[in-house]
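Note that the chains take the letters A, B and C in the order they are written out, and that residue 1 is the start of every chain.
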Amino acid sequence: MREKDKVTGTPVSRIDGILKVTGKADYSTDHPVKNVAYAVLFKSTVAAGTITNIDTTEAEKSPGVLTVITHKNAPKLNVKGGIRGGAMLQSPAIEFYGQHIGMVVAETFEQARHASHLIKVDYDKAAPKVDFEKLAGEAVPSKDHQDEKRGDTKAALSAADVTVEEVYATPIEHHHPLEPHATIAEWNGDHVTLYNSSQIINGAQNAAAATLGIKPENVRIVSPYIGGGFGSKGGQWANLVLCAVAAKMVNRPVKMALTRQQMVNSVGLRQRNYQKVSLAATKDGKLTALSHEITTHCAIHDEFVEPCGDCSRIMYDTPNSLISYRVVPMNLILPTYTRGPGKSTGSFALESAVDELAYKLKMDPIAFRLKNEPARDPSNGKPWSSRATVQCLNEGAKAFGWEKRKLEPRQNQQGNYLIGYGVACGTYPAHQNKSSAIVKLKREGSDVTAIVELAAADLGTGTYTILAQTAADALDLPMNKITVKLGDSDLPPAAGSVGSVGATSYANVVNDACIKITNDLIARSGKQYFTRPTASQLMISEKVSDYQVRVDSKAPDNADDYSSHSFNANFAEVRVNISTGMVHVSRFLAVTGAGKVLNPKTARSQIIGGNIWGIGMALTEESVVDPRWGNFVTRSLADYHVPSNLDIGTMEVIFIREDDTASNKMGIKGIGEVGIVGVAGAVANAVFNATGKRVRDLPITPDKLL
Amino acid sequence: MRPFKYTNANDATSAVNLSAGNANARFLAGGTNLLDLMKEDVERPDELIDITRLPLTQIKPISVGTNQGGLSIGGLGKNTDAANHPLVRQNYPLLTQAILAGASGQIRNMATNGGNLLQRTRCPYFYDVAMPCNKREPVGPSSRNGCGALEGINRMHAIFGWSEKCVAVYPSDMAIALAALDAVVRVSSAGGQERMILFADFHRLPGDTPEKDNNLNHGDLITAIDLPKNNFADHSSYLKVRDRASYAFALLSVAAALELAGNRIVQVRIAMGGVAHKPWRALTAEKMLVGKEATEANFKLAAAAEMAQAKPLEHNKFKVELGNRTMVEALQLALDGNRS
Amino acid sequence: MNEGNETPQLTEDEKKLFEELMPEDLAEIIDTGVNRRHFLKLMTLLGGGLLAYQSAAAEQVFARSPSVPLVSDAPATLENGVTVSFNVNGASRKLMVDSRMTLLDTLREKLELTGSKKGCDHGQCGACTVIVDGRRVLSCLTLAASCEGRSVKTIEGIAQGNASLHPIQAAFLKHDGFQCGFCTPGQICSAVALLDEAKNGDASYVTKDVRKKSGPVRLSNEEIRERMSGNLCRCGAYPNIVAAIQEVHSGKLVEQTWNLIG
């Protein structure tokens, strides 16, 4: 196929878009399952202790109620089956505020919700560990993240011309996908179908099966459309299996959706981090030490630590480096992956510190970064498969008008507003994970159509579209001849749509399958060809009416010889109201090198989405725990401020053209995560440039700028 | 949401009488706050009397009485219609701005003018039935009394007029403008009485009875809000400070209105939102400004005098300085004027 | 260096295709987007083409019609049942609901209209936005019982004449005004109503001078942002949503830019 005829790389509109703009895309609770009953969860109102009595009599008598399920009558489940966060009604022990302690199943949602308010619970309360400010001092070394040392940062810091040593704090954040986690469970004998939202279809299938004690082939996950996930629908949580339990107990399909208020302590969170970053440099701006020491919290019995030090491992060339993680267990729900896990929050700390250091050196922060650009991955000495940081900074500076930025803060005032520019870099690893796919070809007369099947997820990432594009090119068929089926565990197993592995893993396996089906058809014909025929030509010439292949793909064997990451540079212009302290990001530019861009339209949207998440992290989002009781006081979307439309100004995106075939055959690196990395840093740096005030504790709400 | 009987009212008299017959009945107008709170199990009526079809939606000039020359706004008119009525926009732009600063287009299409005055606090301890709250569970021998916010997370809470029993703030934007405009609330009561309540007397400070947000009695129906005639239309401003640009409750807001003779202040009204259990009239600041030149220096002195009386809590000390700055800026914007 | 700037509504390939095969329809497509008739025609002409890949989905969209009877009965266990008649997307409905049932739950659970979404159930996200008697409202804070005699339009009823997309829908497709799509039905209902609000000359919090009310207003992007702020989008499609609405509101093409450098 001629390069110019290819549809990959072109801005095709989403093929699932028409369903989404007409309200016909079926999300978890939209599936038309008949005769459903409705379940509503109820939750603990203490953070630690034991349930001594749970009185369900009034609820059971309430009209329409079919059953009330608590630890007293719930079936035994395998709590080590892969469901995250516990709370599966297996014991009276309470480990965090808002732990599920039961559910009411009723004929209607209204009846179930009302009855859930009639439950009376007595607790033997224990003193909860919920005040991170006080507990941070008790943090111990992480089990999952060993300290990583090169050289001697202490010596370098004390010998340095210029140093920065500051602590940067980020708040607890919640994913709050617009679609709350929800499930419809329908049993058929010993086989259960779970309509739910899952970023990892096979992960949900295996975790549900292992927890319920049934075979994976007896669990079907149906998740064709996902109303956002951002990490919270990567691992699955108790609500998935509890819905199956409820359906089993009432012997009919059950629908159960978390309420928005329940989301804050049901499906993980991004933990609060204190990050001490210490930088040392020579007078002329050569970095001599970088240490990044993280203190955070995890659940009482389970550790999850987001890797805030990851950017610091690879972003800058320095002979001395230290990354460490300390963690304190708390009576809060298990933290989990949240968009740009570790890198988004970690880059805020690192890139703020770099900005502070550059300011002390009286150096342009871009010049400082260029001077400390590493030729190889400093953490392991491997060559980069590709690294576009320098181009991102240079092209971005040009496009953004960086030359207009003043080195000194508070130099740009327009009326009642202070204007500032900030820059910050980011990175996220690129991987291809194991995936399988089936490609089916059908022919009627001279009409050849293809079906692509794999248990991949599209949570708004554009997976349907990029796979249709990939298959169209690889089979030389028009896109309208290709049907893409995703989001069903009956399809071949695939990687999750997590950690920016989706596009890489899925597009490669689909491409491999299309190549294989063509090769098979050539071999089957027994003929020799001067020019390689397309699959569609072969179907016609060889009069094949049906043919299919299944392919399993993984990363190239030598992929590990390289260090593969996406890189970006973010530029923010902020306007700060001098009277009120309200900050507006009037202009934002992300320049990204993320391998081959399969669809610039959906890729641009993904980057902007990540950027907006970063702006939320910088300015508006914060989950607050009452340090006395462990409850969230920000338990609704009126209290937890995700950015609104008016919060967002002009968003610009530039991609650096890359074809990173060292990383994988298709040359893709993934864009879902990197879009948020470096954003909060760029905004915070711009706020400093505007106001002269360095805010090291996100979010930058008006009160912090008075 | 507890089971409740749904009743339709055909006219104001029957609505008031229906309500009088059931102490646990509530009127349903826009429903934007009531249904929200019923879903949280905070509000627990056993009967809702739907008053949305009552003919109390008109906006019309007042032709008799003390407020002659003013404007009467129907209690059951929608916020959107009040904000966009040509007479409101022309003569009371402060009210238009304040209404449009609140909630979202959808909610303003639903919320009624009377209902807006009856919004309950957004205090998270009030909203969460697992938390102690004297407003939700009135102080009494059997209540788990206590104010969750007093020593809890109180960044959003009051700096004026709070009591040990309650530190909640009143969340409406519209009402802040109405306070500045010295509006009068017309109320129908059971038995057919009509009352007029001055806006300053409508909402209450918490004292020992934080469960009472205002001075309405059970069954009272807000039929209209009267706006007295004034000379503020050229110089007024509503400035709202919040944690995100839109669709968020105020950290603090200021409604400012000036009547000028040259640059001398003939009359001034300043009301603040997000600082107290009711719209907070900055009377100290107003007194200091009357008769003075409208200058930034005078605005600053007045704001400082007003805010000096604030008693902030642990997490909202910033509201004192924010109040200072926002008041000065709102007055400045009012001075700059509404281009007309 | 910067070779990726492409302006129009359709990609060059798409435009060429339509130009070649359906020249008489091109203006209409650029104007109002691609509708079912265009799809079918295109499919007939070529059995192919770059936009017709959506044909399978289009079939599904226009084929599925509600299977719900026009009058439905209440379950036996219902307390406080209220009989209510209202019009939904042009069809009269009469049903008995629990007095507690919201319009949103009625649409989703009783009328099989699951396009309207429950994002928060408390009026804090806008995903449940529908148009009642011509105005956008939140169906999660509306009791079904209070809808007697009202006319409700949901996302399923936005497409014009049940055969082609509303210009706002087409513009959302073109400008990628969504990712996960969950907030999209609410965004689109909100946007459709917003067009009328602009025609009415309604003001917003960012309107510079609210005092004058003189006929239709031309909305800046900032005005659209404020007026759409009651619809949260967690994927962050806001700039694309604004572009889509601005294009329909202004009647002028809004440029789409793909910057690929190097």
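A few remarks follow.
The definition used in the following text is that a residue touches a chain if its C-beta (ideal position, glycine included) is under 8 Å from a C-beta of that chain, and two chains touch if they have at least 3 such contacts.
Note that the structure is a prediction, hence the values are computed from the model and not measured.
Counting C-beta pairs in contact across A-C and across A-B shows that the higher total falls to A-C.
When every chain is reduced to the mean of its C-alpha atoms, the one closest to the centre of the whole protein set is A. Per-chain Cα centroids separate chain B from chain C by 34 Å.
For the pair chain A and chain C, the distance between C-alpha centroids works out to 27 Å. In terms of their C-alpha centroids, the spacing between chain A and chain B amounts to 41 Å. Counting only residues that touch two or more partner chains, chain C has 79, 100, 121-122, 225-226, 229, 231-232. Multi-chain contact residues of chain A (touching two or more other chains): 63, 110, 114, 636, 638, 643-646. Contact of a single residue of chain B with at least two other chains is seen at positions 1, 3, 39-40, 245-247. Only residues 1-3, 39-41, 122, 124-125, 127-131, 148, 151-153, 155, 239, 241-249, 251, 318-319, 321-322, 325-326, 328-329 of chain B touch chain A when the two sit together in their complex.
Only residues 79-80, 82, 99-100, 102, 121-123, 126, 129, 135-138, 141-143, 145-146, 148, 190, 193-194, 197, 200-205, 207-213, 225-227, 229-232 of chain C touch chain B when the two sit together in their complex.
By the touch rule above, chain B contacts chain C in their complex via residues 1, 3-6, 8, 28, 30-32, 35-36, 38-40, 48, 50, 52, 80, 83-84, 86, 89-90, 93, 96-97, 100-101, 103-107, 109-110, 233, 240, 245-247, 338-340. For chain A in complex with chain C, the touching residues are 7, 10-27, 29-30, 32, 63-64, 107-111, 114, 176-180, 225-230, 257, 259-260, 388, 391, 395, 399, 447, 459-462, 468, 478-483, 597, 600-602, 604-606, 608-613, 636-638, 642-646, 648, 650-658. On the chain C side of its complex with chain A, the touching residues are 4, 6, 11, 13, 43, 46-58, 60-61, 64, 75, 77-79, 98, 100-101, 105, 108-109, 112-122, 124-125, 127, 154-156, 158-159, 165, 169-170, 172-174, 176, 178-185, 188, 206, 222, 224-226, 228-229, 231-242, 256-262.
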